[in-house]
Structures are given as structure tokens and as C-alpha cells.
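Got a structure here, written out as C-alpha cells. Questions coming.
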Amino acid sequence: MPFTLSTALDYQVLAPTTMILNIEPMATAQQVLKSSELQVTPFVPAALHQGFAGANAYRRLVLPPGNYRISYNGVVETRPHRADPAAVDEVPIAELPFAALPYLYPSRYCQSDRLARFAIREFGGVARGHERVTAICNWVYTHVDYLTGASDAQTSAYDTFSLRAGVCRDFAHLSITFCRALGIPARFVAAYAYDMRPQDFHAVFEAYLGDRWYIFDATRSAPLDGLVRVAVGHDAADTAFATYFGQATMTGMSIAVSADDFPGGAWTTEAVSHSAD
Amino acid sequence: MPFTLSTALDYQVLAPTTMILNIEPMATAQQVLKSSELQVTPFVPAALHQGFAGANAYRRLVLPPGNYRISYNGVVETRPHRADPAAVDEVPIAELPFAALPYLYPSRYCQSDRLARFAIREFGGVARGHERVTAICNWVYTHVDYLTGASDAQTSAYDTFSLRAGVCRDFAHLSITFCRALGIPARFVAAYAYDMRPQDFHAVFEAYLGDRWYIFDATRSAPLDGLVRVAVGHDAADTAFATYFGQATMTGMSIAVSADDFPGGAWTTEAVSHSAD
Amino acid sequence: MPFTLSTALDYQVLAPTTMILNIEPMATAQQVLKSSELQVTPFVPAALHQGFAGANAYRRLVLPPGNYRISYNGVVETRPHRADPAAVDEVPIAELPFAALPYLYPSRYCQSDRLARFAIREFGGVARGHERVTAICNWVYTHVDYLTGASDAQTSAYDTFSLRAGVCRDFAHLSITFCRALGIPARFVAAYAYDMRPQDFHAVFEAYLGDRWYIFDATRSAPLDGLVRVAVGHDAADTAFATYFGQATMTGMSIAVSADDFPGGAWTTEAVSHSAD
Amino acid sequence: MPFTLSTALDYQVLAPTTMILNIEPMATAQQVLKSSELQVTPFVPAALHQGFAGANAYRRLVLPPGNYRISYNGVVETRPHRADPAAVDEVPIAELPFAALPYLYPSRYCQSDRLARFAIREFGGVARGHERVTAICNWVYTHVDYLTGASDAQTSAYDTFSLRAGVCRDFAHLSITFCRALGIPARFVAAYAYDMRPQDFHAVFEAYLGDRWYIFDATRSAPLDGLVRVAVGHDAADTAFATYFGQATMTGMSIAVSADDFPGGAWTTEAVSHSAD
């Protein structure tokens, strides 16, 4: 399915600032970039840093003081893999691919070590597999209020568990935390999302099940088929769309995601994967 | 300098357990393994997982119930790089190698976002470079009591900052946190240490300065020249010598590190690097 | 009902220590002390400090180095008030006695401000009155494991909510926290408890309902009729049986609570009050 | 010294609300109310609740929906006690008045148990007495930024210690915490303050030294002689100028404190007491 993306970020830079930018979709077999253009106005070089093909596409911008517009335009064809949820099992630790293991460990915003007893009490008895992760999403959706302003950049899953309010990033962190506590590798996904209102960067997560990473969205705010993946990581700490060192302020942001002929699409109860790794 | 290592870990496994083991020294240009042998008795396969040559050498063991001895014996030749501390500068974010960037972000045990104001107040005025990281080590050494039992597996740098007591792992976490808050990439290092009393696995840290990772030990409990690196990572979450999923108890541990002719060696005020990356 | 109490505490005092002791039952209209004797061996004065008749009976002991036995022996006649739980209502803030208001505020171990959203989500829809507090006790009993060693002197209700394990003091703190978050005054009660195994000091709580303080025990470890109240307070911070300033170690403790003819007695679903205030 | 106070608080009440108001100065031998008038417009009864003469003057207002102005006007004559700081000693726990003991315990916002090691390391060696509390104030003033918006109603001393930023309430909480950790009773004081800019309710603290409570202000934002005490308590949890249960919004606030002939007045290095208890 082809999506047309159009993003504009405006920054006022007050002192020399280095920015690590990460707003371009990942280019993978399941997400083909038909066109993709990043522009910084006025021009500054935007060196690409990518660990390997298909990985997060980081750009490093060295910005003297001034006003900047960063715009991205692209057309992305996604080819999600779909499966029967009942047939998607959890993978014993003994059989997990090595690359999935780091996503079992606690991270800054996903302190799975501190919520292990709860996770096991609440989800330990649920049938293992895709439906257990769905049960986690349902729990988070039911027990946490989606409330803009209830959390900030320091809010972690441990806070959200007690506070019971947050935004998409908090929903993803808490879901990831429960997965890891149960021995299911889970990672944070920054994404564009079709049909999300208001349109914004979105945060969802992936759990490693069967033979791949399946995607989940505990907020139920966008169809899974309408996601375009930008970055994967341990949590929001390493997947921010912009991290800057210096002194800068965002003065504007607009995001548009359109599709000609979006056929509806799967929600949380279906098994959808956007990743073949 | 050649070190002879001899480690034995005894486990009682009560239910089927998968163990991720990480006790073999890294093999790098600066740390040559003359001999290296891991044995599990009774025998079970110990599949090696390594992201790339020179990376942490993880072994995955699938252990049925029973009693096991895991022993490692090796001879390692280390070739530390030494520099004049005064000549080792910090690197602007704009010029850092891409691979160092992930070590600027907060992690499970190193919440640099939460201690940024303190770090900048306390160390912001110190001359930049190797000596600033030394100042951090000195601060941690002076303000935190080395006290076995004061911390546990959930203790983070944020806790240690208030509690003011901990062990080597806590000293490393707090030092790393301050470095990251100042824009200096820093990572956790699990190591064997010559002349450490009592002999145990040690935790130190590396900061990226000049053109490489320099090693630091805020505990001052072992000479920097006597370190043999086992693993690097964000923090203790991804560098444990053993992580197990199942039900197992460690029933014994012994570690020996010997050297024929150890010439004394550098302590924290010197600039020593064990890593060429 | 008459209870015979016999308590012995042994301390080794290593440096001059001032101890605030609080192990004698409160003397109220509903709890008559037939006999009551505190002894310190070797003898030191034990000045009584009591805010008013019926209040906690604090003793201050100034102890030079040495070994001490503190023993208490008493016979207490309790006259609990019983009511039909369905007839015990909550009291609007507008009508609460002034003396109950302080028990609406958050305290060291009962951070009701931080768990308010959860409390309202979980218990907001439960019928108001004695049964709502019973619902709180049932929730705590069901969702928290009674596990010795899972908590320590710094553990608060906020921790217990996430950790999901604790002892009687933690159960009381969490229950109190939920009550306060709902606008129900609640206070901590240190008590002796008949038929508790193993015999120890017990911690329960009281909620102000109808025209008095009703007692609750979320641990279900002793009958409510078998409680002898020692101290009430905001939380464990001001109701410890012994607080000491100096250097001392408890070397032994024994507690015995006996009754000639205990008729069974009420558990958590009944409305029992040990306090006429 | 006579001060003229004029306070106006405007509230919009959206649903029936019970308010506990505490804005009238305490009437004590050292603080004589020449005139004192509280008005609520439109009129509602404002029942006075006071534990004892001289204690905090709480008013309970039961407010139907509507708009209210609460105004207070008073003339207060203060007679602060002054002493030579060098002659004001700390009091051994063994000799403290019983009424001061509760202010040794940790409370919601002053977790003295969690910062004890730091307090003892930092202030343990300072000469005991008034100057040690002054040293605490100096430390807080020097190490914490006064920064509006850096903290909120849930921020505690434990947070402020790490965050290193806050407002007067946070400065008081942290100072109190250190005092208690050192065995010095300390309590929170809500006050009017002459010559404070911008004019607002102020928060300071008192430590029990010598034979009375001496007042301290770690923010250095108003002269100690210009303080008019409104409430004392464990911390901000029980000394708020208004606590409300229901649904209300403050829509306006003005405070004026004037004096005909204020002679300058003592700052933090002097020993001033506003309390004879």
C-alpha cells in the first residue's frame, strides 16, 4: 500500500546546535521507499548514519544559530505480513535469534525488572503467543487513560503503571515492559500513522513472536496496516525523531500521511508484521 | 602483559533454564587471547553468539535440572594504549563517530536525563577532556561509600546519587550518568581485574575521548593496566556475566587473575585505553 | 474480652542511645488496662510522654552502653463496638470531625496524591461506606503477595503498589493510601494480635466511617476482635514500637498474646471498632 | 512590629466543594492580632477549627457552585525573639520536649530516612547548633536553583535533591529533611513575608534549638523579621493555604504585606524565633 508522507519541522537555533534527526522511514523489503527526500532550509549538510541497510536512518545536522525548516517528503510502499494470531507462538529463550535478546533487558523507560511480579500475576496464566501480547495491549488500553500532558520526557513505564495516564509513548513503554517481564522480546517503534487524529508522530511497539517482529498498538488510535516505521530501539531514549545538543526550540511541526485507497485495515486483534528481520 | 584467568561458577538448576553467559574476554587487537577454553560439566552445548568479531562473546546454554560447573581458563595478552591525559580532549557531538552516539542516551541504570542539572552545575566548569572524567571519578569516589549490601540488582545511578553508597557497579553507573549528562559518551565495562581484593568480577566504565574509548575506575580498587575486558554495554542490564531464564541458583564462584610480572600500573589519573574502536 | 500480653525485647546498646518506646496498649474506654507493667533491666527511668489520656504511650529511655531487656506484661479488657457493615456510611468532608482531617493528607509511606487516579478508577464506582473499605482490603489481599523480606523500612505504598509484595505494614500503608485518595480518613494502627502466627507486632489500619474509626486488616492474618491497639498515627513513621537514636541492636524479641476463652471473632467483612473517638 | 495584611483569593466552584482554608495568621504571644477579619463573598459560613489556642486556624467552607472571593484583612504585631546564634545549641534527643519529637520523623515530602547518609557525610562534621542549620540553608541555597515551574505538587525533598531546582516550598522541604536526618526537629512554616518579590505566600521552616523553634529561610528571599506565621506542620501536606474536595479553580490571587517603618531586619545568619512553644 503506498503512503505519501509530508513532514515539516521548524526550529529556531539560538546557539550552535548539533541535531540527530531520525524522521525518514526505514527502507526494508517490507517497506519500499519509492521516493524520499529530506531538505534543510537554509541548506546545511545532513550526513546519513546508518548501522546497516534497513536500520534507522539517522542524520546529523550541525546548525549555526538561525531559523530552519526541515522537511521530508516521501512515498512508501508497505507490504505487511499477516498471520493467523492463533498460529503465532511465543519463542522459548533457548530458540530466540540472538539479535532479539537485547530486547529482553530492562531499559531507561521500560524497567521490566521492577514490574515482573505484577506481569507474572496478571498475564502469567494467559495462553502464550500473539494473544498474550494482545491481552497486554488490552490491559494497558483499559487501565491507562490517554491524556495529553499527563506525562513528560522523564516519564517511564514504572511511573505510568502507578499514574495510570499517558500518551502513545507511555502506552508503548508499559506494554514493552510487561512483555519483557514475561520473557517476550519487545522493542519501541517510532512511526507515521495513517488516519491518526490529530496527526502526529506515533509510538507503537513490536514483540518477537513466531519467526518475526509483530507490531502492536495499545492506544488503538490508528490501524496497524497504516503504520510506516521510522525507527526501532530499546525505548524512546534511542528513537527520538530529533535529539539536539545545544540550544534550539521547535517553533512548528506539521505531518501529513495520505493514501489513495486505504481499505480499512487491521487493528490490534490481528497479527501484522512490518518487519522481516 | 599476559594474564592467566581461571574462573569457576557452580549452579544448581532446579527447573529447565536457559542461560546467557558472558565470561570470556573480548578478543581484540588490544587484547589477544593466547588460549581460551570454556567448559561446562556435565557437558551441554554452549553456542557462541557474537554480533561481530571483537564484540561480547555471549554463550547460550540450555540446562536441564542438575548441578553444573562452568569453568573458564584463558591466557590473555593485553596491550593498553596510553596517552598524556592533558592531550586527550572531549569530542564535539558534531564530530563523534556514529557508533558512540548510543552511549549518550539514558539507560535503565544510568538516567542521565534526571541528573543533568547537577552534572552541569558540578562539572560544567571543569576543563574539558580526560581530566573532566577524572574529576567525575574523584567526585564519585569521594561522595559515595563503597559498601557491600547497600545496593541490589534494581539500584540505579539515580538511587546511588541519593543513597551515597554502593559497589563497583553503582560507581560505574553514576560516573557514566554524569558523563552522558555532559555530552560525553560513556559505557559500562565488565572486566576481570588483577590485584583486586577480594577477587570478583569487576565493573568499570569507558568514556569516548580523543579518538577512542578510555577506561576509568571510580572505585580505585584495581590498577587500570590490570583490567581484562569481558563485555561492554549500556549498563549492567546488558553486560551481566550470566542472565538466566528458568530456576537456578549459584552455589559457588571462584575467580583468579594472575600475572607473572605485573609492573605496578596506572591508576585513575592516567589515560589508559583498552579499546581501539 | 481479656487478653494477657507478655513482651520481651532485648537490646545491645553499643553507644549512648535514646530510645522512644511505644509498646504499651492505649488505655481507652474500649480498651481497659487491668494491669500493665513495663520493666527495663537493668533499671533505667522510662519517662512517660502522652499527648493526652488515651493517646499513644511513648516512653523515653536514655540508655548507656550495655545489654537490656525491656519487658511488658499486661492484662487488657477490650470492648469492641460492632455494627452492621451495611449501615456504616462514609462521611462527607463537610461533616467530618476536625480531628479526622489530618488523616486525609498524604504521608511518608502513604502517598495518596500519587495513586489517586488508580484509586478512583478502581474503587470510585464501589458503593460508598464500610463495604468500600472492605473492597479495598480485598483488592490488596488479592493483588499483593504476603512475602517476608520483600520490603524494608523505606518501602512505601507507592513501592508496594508496583512491587506487589510486602508484609502487614505494607498492606496497611497501601490500604490507607487508597482510602485517603477517595476522601476517607485512614490511619495506621500498631497492635498486638491474638492468634497470629508467627506471633509478632501487627500492623492494621482504621478508616473513619459513620461516627467512629473502624478497624480493618487487609492481611486477614488475625481476627479483628483479637486486636489490642498500641498506637495510631499517620503511618509507620510515627508508630514504631521502638525508635532509637544512637547505636543499638535488637538481639531478641518474644511476644505472647493469650485469651482464656476467645470465641472465634470477626474477620474483615464485619464492622468492628476499637475506638470511640 | 505591626504588619498590615490584605489577601484576596478568587475561586470558581464548578461542583459542590468543601474547602479547608488556612490563611489567617496564628495568634500567639509573639504574634498578636490587632485586627483580623475573614470574609467570603457571597457569604457562606466559615467554621473555625483549631486544635488549641495559637494553633493553625483552619476554616471549613462548604461551597455550592458559583464564584467566590475570599478576603482576609488583618493587622499583626510580631515580637520576634532574637538570640546570639553562637549561643543557640542543638538539644540532645534525651532532652527534647515531647511535642518536638514528631518533627524528627520522615513525612510525605521530607523523606529524611532516604537522605540520611548524605546529610551525615555533608553536615555531620559541622559544629552543632544554630550554625549547623545555617550551614544547611547555605548548602540548599548554593546547590539548588530557584526556578519557578521546576517542581509541582508531588515534588518531594528526595526529588529536589536530585533535580537541584525548585521553589520556596522545595527549599524548605529539603532543609527540613537534612535537619531531621541529623536528629534536629524541623517543621514546615507557611507564612506571609514582608518585602518578598513577587508577593506570594511564602514557605520557610523552623528547627528546634535551645529552648524554642528558630526560623530559617533557605531561599534568602525575605527578611526573617518580616515573616508572619500562618501555619506549622510536618510539610506542605498539612499546611496548604487551601485544600479542596470537589471541583474548583482559583481564578485570582493577590497578597499585600505592608509595614510603616520596617527597619531592615535579620537575614539567615541571625537567630530569630517567632514562636515561644
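The chains carry the letters A, B, C and D, assigned in the order they are written, with residues numbered from 1 in each.
The rule is short, and it goes like this: a residue touches a chain if its C-beta (ideal position, glycine included) is under 8 Å from a C-beta of that chain, and two chains touch if they have at least 3 such contacts.
Only a predicted model underlies this, so the values are computations on that prediction, with no experimental measurement involved.
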Smallest number of contact steps required from chain B to reach chain C: 2
Given chain B and chain D, the chains that contact each of them: none
Centre distance in Å when chain C and chain D are each reduced to the mean of their C-alpha atoms: 30
Where chain A and chain D are represented by their mean Cα positions, the distance between them in whole Å: 46
For chain B, residues that touch 2 or more chains besides their own: 114
Graph class of chain-chain contacts, one of line, ring, star, complete, other: ring
Touching chain combinations (by label order): A-B, A-C, B-D, C-D
Residues of chain D touching chain B in the complex: 114-115, 117-118, 121, 143, 145, 158, 161-165
Residues of chain C touching chain D in the complex: 18, 20, 49, 51, 58, 60, 62, 92-94, 98, 101-102, 105-108, 110-111, 113-114, 153-154, 183, 234, 237-238, 243, 245
